[in-house]
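By written order: A, B, C, D, E, F, G and H. Residues from 1 in each chain.
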Amino acid sequence: ARCGFGEAIYGEGKSADLIIQIVRAQLDQGQQSLVTRITDEVAEEVSRHFDHCRANPLAKTLRIATQEIDPPIDDQSHRVHVAVVTAGSTDQGIAEEAIETLGWMGIPVRSYSDIGVAGPQRLVAAVPRLREASALVVVAGMEGALPSVVAGHISAPIIAVPTSVGYGANLGGVTALLGMLTSCAAGVAVVNIDAGFKGAYMAGLVVRQQSQDRDTQQQQSQQQ
Amino acid sequence: ARCGFGEAIYGEGKSADLIIQIVRAQLDQGQQSLVTRITDEVAEEVSRHFDHCRANPLAKTLRIATQEIDPPIDDQSHRVHVAVVTAGSTDQGIAEEAIETLGWMGIPVRSYSDIGVAGPQRLVAAVPRLREASALVVVAGMEGALPSVVAGHISAPIIAVPTSVGYGANLGGVTALLGMLTSCAAGVAVVNIDAGFKGAYMAGLVVRQQSQDRDTQQQQSQQQ
Amino acid sequence: ARCGFGEAIYGEGKSADLIIQIVRAQLDQGQQSLVTRITDEVAEEVSRHFDHCRANPLAKTLRIATQEIDPPIDDQSHRVHVAVVTAGSTDQGIAEEAIETLGWMGIPVRSYSDIGVAGPQRLVAAVPRLREASALVVVAGMEGALPSVVAGHISAPIIAVPTSVGYGANLGGVTALLGMLTSCAAGVAVVNIDAGFKGAYMAGLVVRQQSQDRDTQQQQSQQQ
Amino acid sequence: ARCGFGEAIYGEGKSADLIIQIVRAQLDQGQQSLVTRITDEVAEEVSRHFDHCRANPLAKTLRIATQEIDPPIDDQSHRVHVAVVTAGSTDQGIAEEAIETLGWMGIPVRSYSDIGVAGPQRLVAAVPRLREASALVVVAGMEGALPSVVAGHISAPIIAVPTSVGYGANLGGVTALLGMLTSCAAGVAVVNIDAGFKGAYMAGLVVRQQSQDRDTQQQQSQQQ
Amino acid sequence: ARCGFGEAIYGEGKSADLIIQIVRAQLDQGQQSLVTRITDEVAEEVSRHFDHCRANPLAKTLRIATQEIDPPIDDQSHRVHVAVVTAGSTDQGIAEEAIETLGWMGIPVRSYSDIGVAGPQRLVAAVPRLREASALVVVAGMEGALPSVVAGHISAPIIAVPTSVGYGANLGGVTALLGMLTSCAAGVAVVNIDAGFKGAYMAGLVVRQQSQDRDTQQQQSQQQ
Amino acid sequence: ARCGFGEAIYGEGKSADLIIQIVRAQLDQGQQSLVTRITDEVAEEVSRHFDHCRANPLAKTLRIATQEIDPPIDDQSHRVHVAVVTAGSTDQGIAEEAIETLGWMGIPVRSYSDIGVAGPQRLVAAVPRLREASALVVVAGMEGALPSVVAGHISAPIIAVPTSVGYGANLGGVTALLGMLTSCAAGVAVVNIDAGFKGAYMAGLVVRQQSQDRDTQQQQSQQQ
Amino acid sequence: ARCGFGEAIYGEGKSADLIIQIVRAQLDQGQQSLVTRITDEVAEEVSRHFDHCRANPLAKTLRIATQEIDPPIDDQSHRVHVAVVTAGSTDQGIAEEAIETLGWMGIPVRSYSDIGVAGPQRLVAAVPRLREASALVVVAGMEGALPSVVAGHISAPIIAVPTSVGYGANLGGVTALLGMLTSCAAGVAVVNIDAGFKGAYMAGLVVRQQSQDRDTQQQQSQQQ
Amino acid sequence: ARCGFGEAIYGEGKSADLIIQIVRAQLDQGQQSLVTRITDEVAEEVSRHFDHCRANPLAKTLRIATQEIDPPIDDQSHRVHVAVVTAGSTDQGIAEEAIETLGWMGIPVRSYSDIGVAGPQRLVAAVPRLREASALVVVAGMEGALPSVVAGHISAPIIAVPTSVGYGANLGGVTALLGMLTSCAAGVAVVNIDAGFKGAYMAGLVVRQQSQDRDTQQQQSQQQ
């Protein structure tokens, strides 16, 4: 079921044939394709049918376009960007899904790995740079405490992505999800478990408008 | 526990005395106070101690300041604003909490009542105006389908607020919460059940930056 | 355990041998057999023992009879029929189970695919034809909003079939199930998760009587 | 939130003033009003403002019209009707809500009380008359076994209404709800816990068409 | 972990070596061994080390003794016995576990298959013979209604065994478990999901004493 | 809903009038009445209408008969009896319900209070007397460990009654219920949370037959 | 049920009379009494019967002894002590229960209020003093992130006490409980929701031995 | 995500390469490595790259150091030590994880196997030796009653580790977890399901300080 939010294709349980057919339709309409939750095998199969592809096996994503595809834009120059933050290295796959999604949206991104609550000095060290982001995607499993903690330092809107990383009382990610929703921090909203795509998409919507405004402003001041 | 992200006071279970004391401290620091989840009795008691108050019993909020308090700004002139939408009339209290929060943040708001999925033509009629919002707070109980449906028409970011309205299988709002999280729509993030304050705060953060940018732009073009 | 609702055989966990034996008994009693939730391997094995079979691998069904089996009747001529509707393409297997069941009951059917809430214009376009149905089977996963939305446009009784399609907070279909039960729409009743057979059987019972009445009427007017 | 499928007003948490206002609007549009889940106090208050009312305190319903209101039609003469069945006497309130709803819809009804699984001979005795119904609403709390058992005897469609009657492992009605959904009987669909209104509304939709057809037929044969 | 309830060995996750070692110790102490939840492979491996074994692959049990092992005693002559009843044929494996357990306890048994609520006449036909049992083990999956229904006809104590048979809202057997606990029938107690062994063991304890008493009586009357 | 297995009346939510009416019918049929879960007020009201009553406010029971009612038989002389055991003093109300039920059934009882796992020497001291019981009702809240522990010492069948005593993670008794079901002890079956009546009824059924047998034997030996 | 862990009396649901009787028995055996979860009314009633009492209404505790009762020892001089930490001011009641328990055990305590994740600088400021504790009791509601965060700074063992403070997705404290159990921090163990007594008791056991050792050492060095 | 409290590496889902790299970094910093939840294959692969390894396949752990690694210290001489106790033999893997963790921490340990509630005499026999421990790790699956029972005999702090051993109502270990949290014993705190590492780490922290104190004392007395 194409869910209509642009062009992303939810790959889970779709055959290579079905994906190829949807991608063709999208390319014909001038859209770039993003497939999420695609297995390596299906990604390989699909890739054989198109000239310009970008597969990220860790993210389980595949992007397809009619021209060269650039990797996600890693912001260096203080542009409007989204920060993608993970609590631990096992959350990296979901973070990669988020980063690929932002790449596909054309939104610059900065990535912060493994700065969870267990190593508080690493988070503190990152705070000044984190404050430059216009929106944050914070990815965390187990008890999912990181978004609350980050929100104590940052005033930009935070999209929290709970992951299924952990065991036992983590209940497959439900514990992190509930914790993030119950956060005493006000500037945090939550998406589904392991939903790197949705977290990034939401953050992308948040900054897109802002990004365009600034570009306009910049052009105006340059023109003056 | 003051959660630090600004000045809102969570009124549930707090005595009038404790609230008065926190409010005094906030006013002394030049901050306007917003108390949420306050009962009529406590609100009345607290109000007797301050000159400038605005109580909204339906919202269960109380605002206190050192000068006259304006009601929330009802946008008429296409400024950057947040749309606050409810599915049904029983969700109105939570929507009012959201509107008062936006009033306290100084963010313009447009309110849409009772346009849930049961009356599809009413939603369709509202779509053109809804598209002018920079962010939406969508409040719904029972099965919580409204945010998904709105997201089918709108591309601005949506903060979904599930409510505890309903009975039986609504499980006190958990069903609406889970439904909103599982939404096939990408541009939707979710806050806690009945969390009108958090939904509005998040939406406010999203548009604030944008709002300032536009004001700056407007001033710049006017100055030119 | 044959559950007595006619002759359908719940194939899950049954050996080919056991199924063959039950089918033989049914054919001897002059009944057509319908096996649901049958794997490809078992279906193939069983099919080798009978002359007239109709396997639908997507539906995971197998029909067996003592004479030629027609495919489900796709209504074209405004007869009394059931509409089978899906929210997304991954729900199609369950819809196929429903359609095969209606075929086995001899009830005409019209099928509508992938008209979920994400593409609201597609649903709106289908409404006039949907209104001609005497009962609807609406199949949806994730948040399961589609039956509520359809019920806003249609006054025939709707049988909602939640599916396990989705991840995380979908809780294996429980979220869609709860959402459909909590629907603010009155003309909606619900069956078990992924229960395409039960949804269709219930809709079939609803229209069967009506269908016979109309046929009688038609014959009466023709005879006059 | 008016859910649009007719005119029933969900009374829970609505003030007498609000209900009066909605009822006035409905009467002006030529509709009869049905309020469900209304307390005795509110019902009394509302009743003082209208000439033609019918309150049923056990059902917690109030009907209002511009002319005399007849009680629900108790079928005696084998017309198309809905059977409303309860497992135990504590389920009677929900059954009454169903019966009042059918009264408001103008659908004849037969009521069977307290024929749950514990007294199997009472159910068996009722079977021949139950078989004359065109649809059944079966109301049961505790383990909710009755709809499965009835379905073993009857082939008309059954709408199962789980109730919150019971304690401990009944989990406020969730156990009965899950049991009814998991029923091995095919001709059973389920509505929300304690949803007498929805069960009856669904059953009413099922028989309404049929009822009209038969009336037409009868008139035709009489005219001949 | 040998749980001390005599000599039954919980085979799940135990190696053949460990089981052999425990069995040897039991045989040395003059006890017969019963292993439950044993796979075919492990059962075969263990069997190679002992002279007298009885494996039941459907039951997933293995009995081992120092002399010939008789199959469970199928009562024909109105002795004190336990009735083992299943709702459907997919519950048969759990029923077999119960029967093997009673065989190992030396308690006569009568087995009734596939007499669930969907075929009410089959249950009714069995009632007179069922009434001769001193205790019943009633095994049922899906909604687990059978114990309640049987209890309506029978006054001997019933041990209800919920099974994990079913899908969706059966929640892996939890629904049947909760339903059985919430049963409005008083003479029903419940054991764990799929716990054929525990159900039979409990029933065996119930009738053992009684059985011995009757034997004594019989001997006494014969001696007179 | 009279559940048919005897005459106990479930008092929860029933008016004094309704109870009086059911009791009258029972007395007319020569049955003694037992009402459970009755409030003090209703019990008092009902009692005013009958000559022979026995109310136990702690048990929340009321017994009514046409002749003098004896208190439950406290076994002193090693007759066949049921042992009713509680883990803690807050479980006493449920134990009293069990004892009154056994009194109503005419089954002798021995009561053991407050011998839970926290005071292991008290349990150990009771074991020799506990071993004389033909069946045990073990009542425990919180983690519900007592039945498992008792079963380590005793080989008679145990009916475990979980109670809602506790807080937080006790989840209103569900934790004790699940623990008892998962007990590694085989001779334990479980009834609903707080179901003192059902636990006693089941135990009563278990010993009744045995009790009659012994009486017969005794008479036979005396007659010789 | 006295749970045997010394002398604390669980006051919930106990009458003043019953408490007085247990306290008398404890005083006779030379034990000091601690009653937890006692209401103001019962505490007052009980207090009238004894000479030396210490009631703490916020903690809902009452201590009773045969001589003057000192308040909990607030450590100033770097003795072995327990730190009791709260996330927010609404958690204070549970913290007070913990502090009173430590007072009753004779263990010195330092209290830190309202240093939850929302005000990260306040926690950081407290770290040097927190590091002097031999064990910590960390009390937090909502998402319960504080123990994880504290554990990132501290290596002494932490007893985490989840509270029921919050609403919606906090599920009455279950969310905080699950989060604390799933914590990625290793030196954290958890007690029941709102279990200030158990958290303190456990921490008290941890430091008691250590405390005695140090006293012995100190005396030894002083004696030298 | 390295959680910072020492050096244990959570092996689940980590590649041999990643583990080797983290181990190298730890060894370079002079730390010994402990990897938990490592598969046999990965453990073997990693071991090939280091000179001094200790793999425990039952525990699923791997220790790596720059010099010879001793097995865990089995206390014989009444030193300060942790007792690791299991209820049944299937819990042994988790106990082994705990023992290896204590070995890595350098804390002496005594191990008690299979002394669960089903064999009460075995526990009673162990009590005198158990009382010599400074802290206990009690590992139990199914209903998880053992920690409560042990706490009835022992006054040292107990860390309870629930395991996922069992089936049906054990809910994958959640039942044991909830039972342990609800324990009526005060000196018990709980860690995550199957968290042998965390249980041992917590117990290790508890005794470490004490152990150092005693060593100091001993040296002091020896020096005198």
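In this section, contacts are C-beta pairs under 8 Å (C-beta built on N, C-alpha and C of every residue); 3 or more make two chains touch, one makes a residue touch a chain.
The model shown is predicted, which means the values in this text are computed figures rather than measured ones.
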Go through the assembly and pull out the chains touching subunit A as well as subunit F. G, H
Looking only at C-beta pairs that count as contacts, which pair of chains has more of them, D-E or C-E? D-E
Could you work out how far the Cα centre of subunit C sits from that of subunit D, in whole Å? 26
Let me have the rounded angstrom distance from the C-alpha centre of subunit A over to the C-alpha centre of subunit C, please. 38
Would you kindly tell me how far, in whole Å, the mean C-alpha position of subunit D lies from that of subunit A? 49
Whole-Å distance, subunit C centre to subunit G centre, using C-alpha means? 59
Listing for subunit F: what residues touch at least two other chains? 1, 3-5, 87-88, 116, 118-119, 151-152, 168-170, 174, 177, 181-182, 184-185, 192
Subunit E residues within the subunit D interface of the complex: 87-88, 116-120, 142-145, 148-149, 151-153, 166, 168-171, 174-176, 178-185
Subunit F residues within the subunit E interface of the complex: 1, 3-6, 8, 134, 151-152, 155-157, 159, 177, 181-182, 184-192, 197-199, 201-202, 205-206, 209-210, 213-214, 216-217, 220-221, 224
Seen from subunit B, its contact residues with subunit D in the complex are 86-91, 114, 116, 118-120, 165, 167-170
Contacting residues of subunit G [partner subunit F, same complex]: 1-5, 10, 12-14, 18, 162, 164, 173-174, 177, 192-195
